[in-house]
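All chains are identified by letter, namely A, B and C, in their written order; residue positions are counted from 1 within each chain.
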Amino acid sequence: MLTDGVRLTDHHCHGVHTGNLDRRGFERLLGEGAHGSFDSAIGLAVRRWCAPALDLPAHVSPDVYLRHRARLGAREVAARLLRATGVTRWYLDTGIGGGTADFAALVDGEVREVIRLEEVAERVVAQVGAVSGVYERIEAELRARAAHAVGLKTIVAYRCGLDFPVRDHPPTSFAPEHRLTDPHVLGWLVGLGARIGAEFGLPLQFHTGFGDPDLRLRHSDPLLLTDFLRRTAGTGLSVMLLHCWPFHRHAAYLAHVFDHVHMDLGLTIPYVGQRAGAVLAETLELAPFRALCYSSDGYGLPELHYLGALLWRRGLGKLIDEWIADDAITTADAEVLVNAIAHGNAERVYRARFEHPVG
Amino acid sequence: MLTDGVRLTDHHCHGVHTGNLDRRGFERLLGEGAHGSFDSAIGLAVRRWCAPALDLPAHVSPDVYLRHRARLGAREVAARLLRATGVTRWYLDTGIGGGTADFAALVDGEVREVIRLEEVAERVVAQVGAVSGVYERIEAELRARAAHAVGLKTIVAYRCGLDFPVRDHPPTSFAPEHRLTDPHVLGWLVGLGARIGAEFGLPLQFHTGFGDPDLRLRHSDPLLLTDFLRRTAGTGLSVMLLHCWPFHRHAAYLAHVFDHVHMDLGLTIPYVGQRAGAVLAETLELAPFRALCYSSDGYGLPELHYLGALLWRRGLGKLIDEWIADDAITTADAEVLVNAIAHGNAERVYRARFEHPVG
Amino acid sequence: MLTDGVRLTDHHCHGVHTGNLDRRGFERLLGEGAHGSFDSAIGLAVRRWCAPALDLPAHVSPDVYLRHRARLGAREVAARLLRATGVTRWYLDTGIGGGTADFAALVDGEVREVIRLEEVAERVVAQVGAVSGVYERIEAELRARAAHAVGLKTIVAYRCGLDFPVRDHPPTSFAPEHRLTDPHVLGWLVGLGARIGAEFGLPLQFHTGFGDPDLRLRHSDPLLLTDFLRRTAGTGLSVMLLHCWPFHRHAAYLAHVFDHVHMDLGLTIPYVGQRAGAVLAETLELAPFRALCYSSDGYGLPELHYLGALLWRRGLGKLIDEWIADDAITTADAEVLVNAIAHGNAERVYRARFEHPVG
């Protein structure tokens, strides 16, 4: 398949757990609920694909897999699986799952940081409290951190939903929240992120679509960002819609009508297993080819990073093979398309960052 | 196919019409609108599959089918089609379509009752009026009926939508409604159902997704149940999301993140005909294998019960065959999966009922 | 394929640009955003299918295609592509893209007018201002124009969304808007259109689903029309839901439960390219066969009219072939189905117009 050897830029993922995990701990990280389970599309995919990558037969039982995994040790497993992804650039959301140094020790390739707006703001609040001047302190800290980052990330979808009020100025009062949930504070924070992103050339990533049960899925529909996207069009900001399922067609529409909007399927690909190609096909109905990027959203288990890459290769590869067989695209154009999604689009969007002198 | 001989538990269906039906009467029951039609996916499926089950050639014209049906007599048709489903356990929502005794006379296998909260409550209101103490009477009646049931069902989606207010106490005033539509009364009633369900081990079934035009489809999106599901997590209640189309991916997400949530495609399977496998594939992207159950939602026409079973077998069977051919799952694991969806999951969830002593 | 030679009624399209277009101008018309792009499903389809229709090799580069297009001249290109569609009846929305005379000069077949409610109303406002009696003037003008039209169209989805207030009487005050956006004025205008449509036998077309970024996609979900559809059921009005993607399953549900509702995929088919059949398959899950019509929504580029027809033929043709191969439908029934969607349903719905004497 055309996707077999293509190098990937995983433009949104997290670090991995390198301690030992029992079955309960492993399954917890294999789902977005309180407990995941091997009895699911992603569970089948772990047994089918990760087992052979660790020199086990395909489809071994969960217990055999986990015993072997424990025997190898979590660091060895992580190093093997992460190196088998074919990813050469990793952009790590350090808001959860550890920092870049730990991750860099496990992988080949470049590791850069994506900073999470809420994490930075909450750290400042924890340090200084809800004092007068806290907004200025948050802005100063974000600017300082942005100087060393490749991107910004917001999880406002988890906090008040994507229908946050878009506002240029912070509210006059600041409730002393150590976990930000006030829509007006969050709306200001995201607006600040958008301005800093435009200024520094840092794309702003939004969690959209499914995630853990802290989320109200209805409030993570990327269409709720329509007004925000209208306001940020032409400002120089690039927006990355992450994950998107089951709203991936909605995200594709936004990427179609707004030039500064990009998207990926992130978390979706490892989770839907065998269905990765079908979800990609729905996305490509309207998403411009310049807009789709690759990420795994891998977190905790290196199996997620590995399955993200493997299932993306298989799903997109098979889809493109069908298009070629049906004479809908030439092989040469298909190669261009595959390279764009695999790494070219991300390189173009994030490269802007390197062309901005940072104060 | 692996699904060919597997026995089914139809955990949500209704009784059938055993009088004669003219074409207009038959088509009315073949659609959710004021008039259904043979000119639809389900109409093609009746001619393709029900005709041979009644010893006619496949694809006979609607009029030939209906003449033959009248000649056999509706009871004979029902007995033949229902017995050909391979269903060994039927859980009958007696809120519409008749009771368990009539149905048991037509089928092999066990027939148990699912009681409809609104039907029980409205019967009490019709008897006693909106008097002081009506809430207590409703609760007493529900408890008495629950002692003999395997499950509870609510059609709150049809009345005020799934965004009902979750409340523990009834409103102080009770408008004398013979058809309950007050969101506060309904919110209390569903909450009461949840408590009784947890106490007696009775799963609580929700109509979600498409249905007749009494429904506002937007208000039957199961995601509107998110807060209710958060509140009932860990209480011992099991929730069954029925039908779900076109929100089956939303339901799959809820089943993924909440351990006490299960789902089926119910009504969807007979209606979408040839597309049953495609809708199942979308559902299995995220639904844990422990969460998916089988039902036909058959009502009025035994053709619906029959097509539910047949199209489910064909749709899931073909999908699983593709997974096996693609080496995504072993045949042994596929058999476990098929048995779980066909009857195992329902047996586990509803079995709790038999383990609760009832006062 | 069964769809190969079938004649089409394109019941909703627009005129074409007959001046020369540079690449930027062409791509702008190839997308719904500020800029379209050849790097998209529709761009691949232009190169694959329109190039050979203009005697170029399939898959030529965009620049070669555009140079050849300029050499032929836009009128010649339009005449060739429009005549190659197999469309014999064109119903032209003259609210944008020019009038019927210009279009008739380019095509074979009948060209009739669909009048756009907002365009007619805004023309009156521009002429007379927001004077007392403006509502009566709008109604008189609509009635005069309706006498010569085959249908009515509303773009209320673009103005205040499909959740407009349904009202029989105009608001007492009329803000002097030259571009109508007041939901109460628009609600009255749509209601007026519904009454005139019922009276004259003119179907009322609604833009629903995706379109340019003036739209809030969430507000163009056809389910928002549920109350309007309940009110107009049985009044004699026929409603046509246009485009619908990504809400085509929602539209199919409405067509299932309301006898006076019809739908097409319009704009969707040329845009999704290779995926036309997949979107049609999702639609036919619940849409009654009497309800689905064909349109291209072609606007500006005759490539859109051509791709609409060609991709519809290929997509539906392949889908129906699969159904026949799977013995889900007989060839004879499939022919009836294809003819109904291609032209029969539109002829039946719009024919009512010719049976109404117009005062």
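As a working rule, a contact is a pair of C-beta atoms (placed from the backbone, for glycine too) under 8 Å apart; a residue touches a chain by one contact, two chains touch by 3 or more.
Because the structure is predicted, anything quoted here is derived from the model rather than measured.
Student: With chains as vertices joined when they touch, what's the shape: line, ring, star, complete or other?
Tutor: Topology of touching chains reads as complete, every chain touching all others.
Student: Where chain A and chain C touch, do the two copies share over half of their residue numbers, giving same, or under half, giving different?
Tutor: different
Student: To bring chain B onto chain C by a C-alpha fit, how many degrees must it turn, rounded to the nearest 5?
Tutor: So the copies are related by a turn of 120 degrees.
Student: Averaging over Cα atoms per chain, report the distance between chain A and chain C in Å.
Tutor: Each chain's C-alpha centroid was found; their separation is 37 Å.
Student: Do you know which chain C residues sit against two or more other chains?
Tutor: none
Student: Flag every residue of chain A that touches chain C in the complex, lowest number first.
Tutor: 221, 223-224, 226, 230, 249-250, 253, 256-259, 281-282, 284-290, 323, 326-330, 333, 337, 340
Student: Please give the residue numbers of chain C that touch chain A in the complex, ascending.
Tutor: Against chain A, chain C makes touches at 31-35, 37, 39-41, 44-45, 48, 58-59, 210, 212-213, 216-218, 245-246, 271-275, 278-279.
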